[in-house]
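Here the chain labels run A, B, C and D in written order, and each chain numbers its own residues starting at 1.
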Amino acid sequence: MTFSTSSKGVYAIAATPFHDDGAIDFNSVDRLTDFYEESGCTGITILGIMGEAPKLEADESRAIIKRVVERAKIPVIVGVSAPGFAAMRSLARSSMDMGAAGVMIAPGQGAKTDEQTINYFAGAVEAVGEDVPWVLQDYPLTLNTVIATSVVAKIITNHPSCLMLKHEDWPGLEKISKLRAMQKSGELREFSILCGNGGMFLDFEPERGADGAMTGYGFPDMLSELVSLFAEGKRDEAHDLFDAHLPLIRYEQQLGVGLAVRKHILKRRGVIASDAQRKPGQMLTATAKAEVDYLLARVARHDKRAAL
Amino acid sequence: MTFSTSSKGVYAIAATPFHDDGAIDFNSVDRLTDFYEESGCTGITILGIMGEAPKLEADESRAIIKRVVERAKIPVIVGVSAPGFAAMRSLARSSMDMGAAGVMIAPGQGAKTDEQTINYFAGAVEAVGEDVPWVLQDYPLTLNTVIATSVVAKIITNHPSCLMLKHEDWPGLEKISKLRAMQKSGELREFSILCGNGGMFLDFEPERGADGAMTGYGFPDMLSELVSLFAEGKRDEAHDLFDAHLPLIRYEQQLGVGLAVRKHILKRRGVIASDAQRKPGQMLTATAKAEVDYLLARVARHDKRAAL
Amino acid sequence: MTFSTSSKGVYAIAATPFHDDGAIDFNSVDRLTDFYEESGCTGITILGIMGEAPKLEADESRAIIKRVVERAKIPVIVGVSAPGFAAMRSLARSSMDMGAAGVMIAPGQGAKTDEQTINYFAGAVEAVGEDVPWVLQDYPLTLNTVIATSVVAKIITNHPSCLMLKHEDWPGLEKISKLRAMQKSGELREFSILCGNGGMFLDFEPERGADGAMTGYGFPDMLSELVSLFAEGKRDEAHDLFDAHLPLIRYEQQLGVGLAVRKHILKRRGVIASDAQRKPGQMLTATAKAEVDYLLARVARHDKRAAL
Amino acid sequence: MTFSTSSKGVYAIAATPFHDDGAIDFNSVDRLTDFYEESGCTGITILGIMGEAPKLEADESRAIIKRVVERAKIPVIVGVSAPGFAAMRSLARSSMDMGAAGVMIAPGQGAKTDEQTINYFAGAVEAVGEDVPWVLQDYPLTLNTVIATSVVAKIITNHPSCLMLKHEDWPGLEKISKLRAMQKSGELREFSILCGNGGMFLDFEPERGADGAMTGYGFPDMLSELVSLFAEGKRDEAHDLFDAHLPLIRYEQQLGVGLAVRKHILKRRGVIASDAQRKPGQMLTATAKAEVDYLLARVARHDKRAAL
């Protein structure tokens, strides 16, 4: 199972299911893996920011990778961002050994100039190995590093092993257009663009040149359908579907509390057994839970999947 | 014209209209002032972040204040945030002399601890004068200063002249609930909460305890209607209206490019003559303009105001 | 009085003297101007970060510029950094009209990529006018914008009116070497480099290629002597002088409290009448004052100028 | 070997010695351990920021802890700061199992309010265990989190297992005075304060209330002597010694390049075999190396230890 510069569709950002006592719930890991596949996802990304990776011991991370990779029939990408290259290399190597399709790397915290960002990824690629396919994560809202379009292009040019951009800059539509224009003019080689940011702009990103989404919204089946509608040129229908979900997408995209919303939905959908997070985690208040449930009921008027 | 701790409704964050050559378009200033009133706004806030205040010479700022204050029949609040207290005092004093209802103050860039934030506002209040009614702007996404709920409470307690919170923390729903709970328990005195952030959560903020909105969305008339629907307890209708606009609200709330969207809509609505911005400004690409127009057309299916 | 790409020596970062009640002390402004000249300074920079510029009303700023420019027989540079280009232009224009030699511009707060930094200065130069000579201030410790060496080079290349770099990156020695190497290889045109950061590395900066210092240390006469010693190739003597002052230089270079140290020394030297700062200002505690006086006494064993 | 709230003297921030090929040089680890003891250090802190901890694989970290703890006859503290509590707990537990005296914890990157900082340390203490003695690292220049004096006090009050503050705020002298004043007034319990920041203010910190230093300056023997001189009330002699070293201390304290200076000195002193750093590392240019050697020669005129 591999991914490539022409990968399309939806890569689910996988949550990590815990029992109420904080232990990893491997049965729910299995169900979640199956669920993503059944939802039409073309890949799964695990141990990303929303996968509570920093709350896992090294052994636990490896256990989860093993479990998902062995079960999944679609490519699995592993988030290996770490404060140092040693931990990054170690996790990347064992991920690949276990059968992962590739890794995802975010910029280091300290990069403050274009050159520092470019050098950081050069160091990261040297650390994980030039043979390891990887996804460049561009997520300034959380990671604090703004990567200029020209710098994204430079990194992609420097590193043939970079096959995909996880695009979640904000605002970000013009960045997609610019990168695709650079490709058309021959300045830049081919690479896949999957969009994150909770799907907040997935009603326009495909037309701008994105190949799909890489995000963890509680309705990956809807994301798959949406990407398909765009592929079929059904613009209005795609927007109708998107607009029906947008109030919930928007609610789930809130920094910090978003993961709680996501786990709440996955639990309500019967995919995971508990919405528990490891500490530090932000749980939903009773009011917030009622708000999410109200939004679900409203979405359900247009999309039966939300009738829970 | 004054505002108070019980102010409600919609305070429009006013754009500043320019001619294509960059000169202030005072006729459009007048039309915009009238438009906000006709849209049911209960107040106008000028020279805020979206009002391109830093691009105005001191004399120009004063000319705009004078123009709006003299024309408006609703209270006008003036954004006076500045890198130093001298400029803040100077602008606040002349605003009040010209008849403004009060001023809005954002945290200074340097505050890195609760105490520094609290002290900053103490200095600001001393500078503008303890008799000047003011609005506390809580907008970490742009201003980089996170103000804890307890710090908002402390500032409000310290300064009787702080009558209103412009709430645009994100995520921010729980903050409203907590502040209102502190009031109920008697820990905190009364104050008005108007919500910003482009209106992105205005479908839940009133139920959390907000008194309305202070934002510049291109359809202030819709914001007014929305706040009224909530006041009348028409929850589902309010959500229907909100959801119809959300795709556009979301598009307009993009950092940087949002003002271009806003001016484009105001121009299409016939309120301002030109969508010109002074430098540095981010204009809409042709693609972005087409996207906004497509969203307008979609909104128009539910709300005739968007049929332009 | 002009400055140029070959300017050398010491440009004093001027403090702004206030009376104890906060009013500007123009007599002390005069004495300070004379003092800098008598100290061998080759220029004066006013209204910089350490000149409490944001605490001055616009009229006050202009009054100070007028006073210093009319009195000084050496070039005067005016700090015009501002949150918006309008205020920057306005201050720059009136500075030049009053006879200033040029202006100093720091990067804007929002620049997060090389391109944004480059564009910011393009906008600033357009605002103040391409005919106005200016100094590029590179001070990431306070201004939060790291300007890569290549970006400094680009800005200098883009703007012939940029005559000087106020170098206060930290660590910064290699940056000077790299810039001078770019000049030698013909990649970069001539420009002056004066170093700031309180003089903390002035024992090596001249050998790296700096033309002198632009800083506000309480002993500008010592800075002048130091730069002269280096010009004469008296390396060991220069270090002896520098080392004698370093404990005090280090103490004065503390962020925030440094200005209080500086004003305390200037007052003890009889140059300014009061060490008052406008709010917000950090004053010396009794303990800190005793520490500074102890350091002065220790410096005085090697340098009579410190025997106060 | 334990440390306590009354620990005094010098805790060396240990470098991690590598062979030229990047492998850990355990013989140099041994020599360095002995060297710190022979230098009069009262403790050793390993795997701190200057110990290149993020460049070590988990197994390597444990091997170094084991090696140092088994050899040292003074307490060893282990830096366990990590992006997540799981890794922190894991490293802390195995450190304690191997015989470490305690751990050092820095604030998490995300804390933006006092409450978030306080909660972060509550989570960290829960993770490592309330029985594990720890050092609170207060180092905003690198860690970006400013911890107000009141917040330091709160954390110390909340957690009896916090025995020591590694004080390296800047400016920081008043913070020491305030904390000690809070102790005297009975507001705060006893705790040790050792100062970092390369020793840049160690000529005043003991008089302000510090118990010594925790830093990695290449002459820990001089730091020990300095702290002893202060303990004996020999103020002038202490300053003479400090001032002789200050030019070098200042040079070594440069962010990034400082570790290269430190390793260069330790190598020249014959303690470690190679000054190699793992990537990403900033090496000394030939010019910088010559500058350091020149400074060493100048220090040697006053302190024979620097005659290398």
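As a working rule, contacts are C-beta pairs under 8 Å (C-beta built on N, C-alpha and C of every residue); 3 or more make two chains touch, one makes a residue touch a chain.
Protein identities per chain, from UniProt: A, B, C, D = 4-hydroxy-tetrahydrodipicolinate synthase.
Remember, predicted model here, so these are calculated numbers, not experimental data.
> Common contacts of subunit B and subunit D?
A, C
> Tell me the fewest steps from subunit A to subunit D, where a step is a jump to a chain it touches.
Steps on the shortest route: 1.
> Of the chain pairs A-B and A-C, which one is connected by the greater count of C-beta contacts?
Greater number of contacting C-beta pairs: A-B.
> Count the residue numbers both subunit B and subunit C use at their shared interface, divide by all numbers used there, and answer same if that is over half, different if under half.
same
> Per the centroid of Cα atoms for each chain, what is the distance between subunit A and subunit B, given in Å?
Those two chain centres are 33 Å apart.
> Starting from the mean Cα coordinates of subunit B and subunit C, work out the distance between those two points in Å.
Measuring from centre to centre gives 38 Å for this pair.
> Provide the C-alpha centroid distance between subunit A and subunit C, rounded to the nearest whole angstrom.
About 48 Å separates the centre of subunit A from that of subunit C.
> By the touch rule stated above, which residues of subunit B touch at least two different other chains?
Residues of subunit B touching two or more partner chains: there are none.
> Considering the complex alone, what residue numbers of subunit A touch subunit C?
112-116, 140, 146-148, 150-151
> Quick check on the complex: what are the subunit D residues that touch subunit C?
170-171, 173-174, 177, 200-201, 203-204, 208, 239, 242-243, 246-247, 250, 254-257, 285, 287-288, 291, 298
> Residue numbers of subunit C touching subunit B in their complex, please.
Residues in contact with subunit B: 53-58, 60, 82-87, 89-90, 109, 119-120, 123, 126-127, 278-280.
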